[in-house]
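Multiple structures follow.
Two complexes follow with subunit A in common, the first pairing it with subunit B and the second with subunit C.
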Partner chain A sequence: MHLDPFELHQPATVDEALCIYRDHAGDADYLAGGTDLLPNYKMHLNLRRHLIALGGIPELGGIALGRLGSMTRLADLEGSGPVAGAYPGVAEAVAEVATPLVRASGTVGGNLMLETRCFFFNQSRFWRASLGYCLKAEGAVCHVVPQKEKCYATFSGDLAPALAVLDAEVEVATDRGRTRIPLIDLYDLRGDGIRRHTLPPSAIVVAVHLPPIARQRLGTYRKLRIRPAFDFPELGVAVAVRFEGSSVAELRVAVGGLETAPRRFDELTDPLAGQQLTEERIRELAGAITRSVRPVYNTFLPPDYRRRMTGVFVRRALVDLAPASSAAA
Partner chain B sequence: MSRDRPLELTVNDQPVESAAPEERILLDFLREDLELVGTKRGCDLGTCGCCTVWVDGRPTLSCLTLAHLVKGRSVTTIEGLAPPTRLTALQRAFVEHGATQCGFCTPGFIMTASALLRDHPHPSRPQILRVIGGNLCRCTGYTKIIEAIEAVAREST
Partner chain C sequence: MASPTPPSPTGPFRLLGHRIPYVEGPLKVTGRAEYTDDLRRPGMLVGKLLRSPWPHARLLSIDTRRARAMPGVVTVLTGERYPTPFGVLPITHDETAIAVGKARYIGDILAAVAAVDELTAERALTAIEFHIEPLPEYADPRVGAEPVAEPIHAPGLRGSNVQKEVVQHFGDVDAAFAQAAFTARVRCRFAGVTHAFTEPLVTLAEATPDGRLTVYSATQVPHYLHRTLSEVLHLPMHRIRVVKPEVGGGFGGKSDPLPHEIACAALSLETGRPVKMLLDREEIFYTNHGRHPTENVVRIAMDRDGHLLAYDIEALLEGGAWSSFGTVTTYYNGVLAMGPYRVPNFRYRGRRVYTNRPPSGAMRAHGGTNIRYSIEVALDELAEHAQLDPFDLRSRNALPPCSTTINQFRITSTSFLRCLDAARRASEWDTKFRCLPYGRGVGLGCGFYISGSNSPIHFTPVMPQSTVHLKIDMDGGITVHSMQADIGQGSNTLLAAIVAEVLGADLDRVHVQRVDSDVSPIDIGSYSSRVTFMMGNAARRAAEEIRARLVNAAAELLRRPPSELRVGHERIEVADQPQVAVSFLDALHKAMENSGALTASGSFSTQKLGGDFKGARAGTAPAYSFAAYVAQVRVDSETGMVTVEKVWAAFDCGRALNRLAVEGQIEGAIHMGLGQLLSETMNYRASRLMNPALLDYKILAPDQMPEVEVLLVGEDDPEGPFGAKEAGEGPLVATLPAVANAIYDAVGVRCRELPVTPDRLERLVRARRAEGYAWKEDR
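For the complex of A and B:
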């Protein structure tokens, strides 16, 4: 498939990239690894006439304990022993993204900013035209939950939940300067679902920052999908926990692949601080999370199965991470 | 109006001076502009790995790479692995093990597996399975492909 014509910009600095975006606001996209954007362009999904490639900006690179440049290739993160060793949940998540060939090009920032996905969106223009398109691209109605206000496309990045449970922050460059926000605040379930993040359209994710405490947490990432390669998550569960003795110091659980945004369940996990992670508490937490998520039928597996597997994955992850004394069956 | 922009790069160790529109995909540039049709267009969406080439030695999906973003870099295609009348050890092993049936996925597998064997001359079977996870074959069931890769790994010193 040939791509429709666009102008390719290759800025050397973040400020230059922001400036180019400003000149073409509304008609430009940033290009990171291209493994999500270019397939969407080939499907004629929300085309823009200006592509701003971020690969030539040195500041966006670099991988170190505590800082992942947004243009870090997923394969480089996977292959970085010290970083992967310090954040085992992130290492598991990155190794499960798509395929080695996609990870050779795909980036950390691109995975965080991944376009949301849906049966009715990720289709050829011909296919979509037959249904009068959809709310997310060129149409006025959502075909998953028929109405005209909210798009239900699924957030399908693997890294966001794995980084969110480590209390990662993202450094963001906008026209008004630099800010740092909690990574989980990139996403908002209450949005219209069409926009996949909460940042201004011109914003550039510069880097992910991980606090020192992240290195003291045990972590894991569990991914539900049909094939063990390529598939986007039908469900992704990330758990990170730090114990003091046999009690929980902090516990974080986040999910992706279920709704329009990844979610962290601090309101359910914070009360567990200072407690033993008993089998009963694990079961209660898994049940509460299962009751709270609302997947819809727009991926391969039925939503009720994905919802119930959420509890199963949360329980298995916590049983595996808990000290033998507290979660012993 | 021509929108072509000059594009210089190295392809199979030869300098190439060409021009292409800014939206040109590397796969199309190789197949249509340079007539290097050994690199195959499978899904065209990054799923199948048929279009795998090396960019600076690293296996890369040419269907999801913009030609202008590899400007000045070194691209290796299946045509560049051995002289026209010769086969590499891995290509020979594919023939001997019947790892090629319809043959459409073969260039992609060869590019992926050759890079693996170059970097890890004695990969384990799980390592092989993992690395070829981005290449799809609908004929062989993969067994013969894996055996061909393992045969080369056994023979290498």
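For the complex of A and C:
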């Protein structure tokens, strides 16, 4: 396998990058760490002839309390004790991404904007051709759930759920200027696996902003996969909670690795504000989340198992975080 | 001067028995070792293969004109140019270098292109046009075992896809079952697994105007490649030169002559230019030749006192598109059940079925892994029924030294009882078995493997299985030539160490030459765990011949009879007056006075072993290795995740000649065995391989590797070189059942389907709970 030739652009500012994208709209991709994009290019997945490298844009760098530049290397975040350690679950999530080698190149923004994955998509051109391609690349049919409307490729980033439960926001640059939106709104479950985010194609994630309240929460990230290295999540569960006394002040639960987008379950967790996190409430919440997720068979482990484990992981995470007085299990 | 030295714990030898770092290690860890892909030749072309997107299709016509016309494309080859069938076994030549008439699996080779660069070659592949007729696809060996509409090769039994059927019966199995006090029946299914060696498959071929062809290739068996190139390309062997540079792992996957090697050589012959062909990882998954997907049923009968009475075994092997080693595999899946226990009655029916999938073949612990798993799990069940400790059951049935099995395997040395004893004590088994809390457990699995196949595959011409040549000139350097193939297992180091040991020379005097058929005497290569035993004996003989000449020369210099002399470190000395000596170099120069450089040849063949019935030679070997492993695991009963905490690996390889290499082999084999047990799988949907990539083919991560305590307890083998037997493949087989039995001890479920992925184990645990009976938690 080889990389087809492409033209590499190296802008120095966000505006320049946007401008280059506009000049080659439809035939350009942004290049962050390249650990996902370039292997996909080797497989000839949705090739573009123009790659716009973001590594030379100073504004996208920087790592500080409250702000993670999108080009922050995962390894740098992992190694930034004061920052990663200040945000519960983030250090765990970043340390679970792939391997040390990948984390040395991979970036925060790249992990957030990760291409969705599927057994029928992440294959060589030869492999896909032998099956007639798929909805997400060059084909007309989805092989996971055979039909022609929706792609079921799975969102497989680890950072998105972990940052989403901290109420992180992303700063986004588009042709129409800068906006700041809740990180979870980058993803839209009503969409499908073909698009990995809700932004216009030209948009650039500039930075992740974390509210001060996030530092007052307890949190964790738990990842299901066959191997403790290499593998994308078959399920990722992030939980963050702040207690006032023995009662819940805010509780957030998000999952990744199950569906076309990560999901946060505010409608199930908001009613728990002011309540004690009893064993029974934890079980009810875990059960409700389990019932609402819909994984499909396009990763290594079967979907019924990943669903059952969603409940187990949510329950275990909450039990570990709950004050000893409220949850006994 | 000489003070008495205490006997060394590592034995009587200066080098052998110690921990000897690999002689090529410094080159490998600094990136200076030369592998095939490191080689470049002037004017070299790039070879690429077009592969079939169809699982089974008749090739009606092929049009290569557009591809040939592309600038930079030098030639395009299709199957009919070199259609001679080949295969590693002379009795099953069913492969061709490039498909002729039919495509038989997704990934089958349809055409080969030589072009000036990779991009041009890949573009040319897309310009080749085919007309085909799709044929029925056979992915399930159970379907192919019955008559089929369109057999994949010439029709097998009753018009089926059966490639080989083996039926054997010794004693009277039904009568034994009729008298049994205890019986067990185990049916297991094993997914296919593949070697996943680090160095990709790669070949560089160079046809030259003098009418010769040189082929550099990543191969375990240069000699079989040499023969096959000659047969298919119709060139006499003496005009072909096969060179084996460093090889980065094989595990059986580089032991067949492979079609891309021949296609690459053919491209060079056609173009008259050097051609390199480097396969990508996906192509390597399609080339496969890995462990057969298998379903087996094992029934065991035992008497009231815990003596085994009979085995009754059936195995169905999925062969994929070619025969490869499959006839041997079909025998092995029965006969390698025979050790390490005495089994007075034995019946076996094995069938291997072609399918439209990548070919299965030989993989580390070839033919012995899956059957061993089922046997050892069944014995664990029998021990439980009979309320016997699993160790006691096994020691009660151990094959004694100097015995013969019912199918006439000759057992010489066995330290199996010592293995059992060592593993039991080191693991503190008696305080743990059925005593650890729920979710934690220990299990015992044992092993048995051939130390070199008695049968050399090719019987003509009659020749030794190993030959080693030595040459020493006045510089005092010792050059060793042999076609044994170091593939990372340390055979070059062992060869050097044996020669140095016999001659009393420093290890750095010895240089093992790269395998090159122009100068290396034939050795039949690195498979069947034969190298230490056979090459080791050949090397020893060659070195002893040189030693005799050095001793004679020293005798002249010292004016003593040779019988009074012995070899010391870098010198030859008077045995009872060691201060009287000549140096190695002085003895060498004296010995050279009339002959020039000293040369010697040593060789080794096994004697004919086994009975006279059909298939009697399958599984015969000049010696066997034995193993007893205890694994300790932790199982998360809610998620099905297994953590293997520790493995105590008691192994009988006779005398371990390089302890460092033996420990490495055992650790590596355990890693590989754990992968097959827990997560590795050739994941097919019908004929389609879903995971032809290392991200989705789940080899255990380094941090999943348990602590391994290696217990080398073997006593000297009477025929092995310096008492040694194999340690390359046998160390794998005990791993899988030891862990499976430990999982049973932990959570009370039997794993019948491999790999034991967490979802499968979680389902088993839930099912057991749903049935309402508890495991250790209620005790």
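Convention: the second predicted complex is superposed on the first by the 327 of 329 C-alpha atoms of A that agree within 3 Å, B and C clash if a C-alpha of one lies under 4 Å from a C-alpha of the other, contacts with A are read in each partner's own complex, and residues count from 1 in each chain.
Methods note: contacts are C-beta pairs under 8 Å (C-beta built on N, C-alpha and C of every residue); 3 or more make two chains touch, one makes a residue touch a chain.
All values derive from a computational prediction rather than experimental measurement.
Asks: In the overlay, answer first, second, both or neither for which of subunit B and subunit C A:Tyr297 touches.
Replies: neither
Asks: Thinking of the overlay built on chain A, is A:Arg308 touched by subunit B (first), by subunit C (second), by both, or by neither?
Replies: second
Asks: Using the superposition on chain A described above, determine whether A:Phe119 touches subunit B (first), subunit C (second), both, or neither.
Replies: A:Phe119: touches subunit C, not subunit B.
Asks: Looking at A:His2, would you say it contacts subunit B, subunit C, both, or neither? Reply first, second, both or neither.
Replies: In the superposition, A:His2 touches subunit B and subunit C alike.
Asks: Could you say whether A:Trp127 touches subunit B, subunit C, both of them, or neither, answering first, second, both or neither?
Replies: Touch status of A:Trp127: second partner only.
Asks: Check whether A:Ala229 is in contact with subunit B, with subunit C, with both or with neither, and answer first, second, both or neither.
Replies: Both subunit B and subunit C are touched by A:Ala229.
Asks: Which subunit A residues contact subunit B in one complex and subunit C in the other?
Replies: Residues 1-2, 228-230, which sit in both footprints.
Asks: Taking the touch rule as given, give the residues of subunit A at its contact with subunit C in the complex, in rising order.
Replies: For subunit A paired with subunit C, touching residues are 1-2, 119, 123-124, 126-127, 129-131, 224, 226-231, 300-302, 304-305, 308-309, 312.
Asks: Going by the contact rule at the top, pick out the subunit A residues touching subunit B in the complex.
Replies: 1-8, 10, 31, 34-35, 38-39, 42, 51, 53, 55, 98-102, 104-105, 228-230
Asks: Give the list of subunit C residues in touch with subunit A in this complex.
Replies: Residues of subunit C touching subunit A: 51, 53-54, 106, 118-119, 122, 280, 282, 638-640, 679, 683, 688, 690-693, 695-696, 698, 700-704, 757-759, 762-763.
Asks: Please name which positions on subunit B make contact with subunit A in the complex.
Replies: Listed in rising order, the residues are 3, 21-23, 25, 28, 44-47, 49, 52, 58-61, 64-66, 68-69, 112, 130-131, 133-135.
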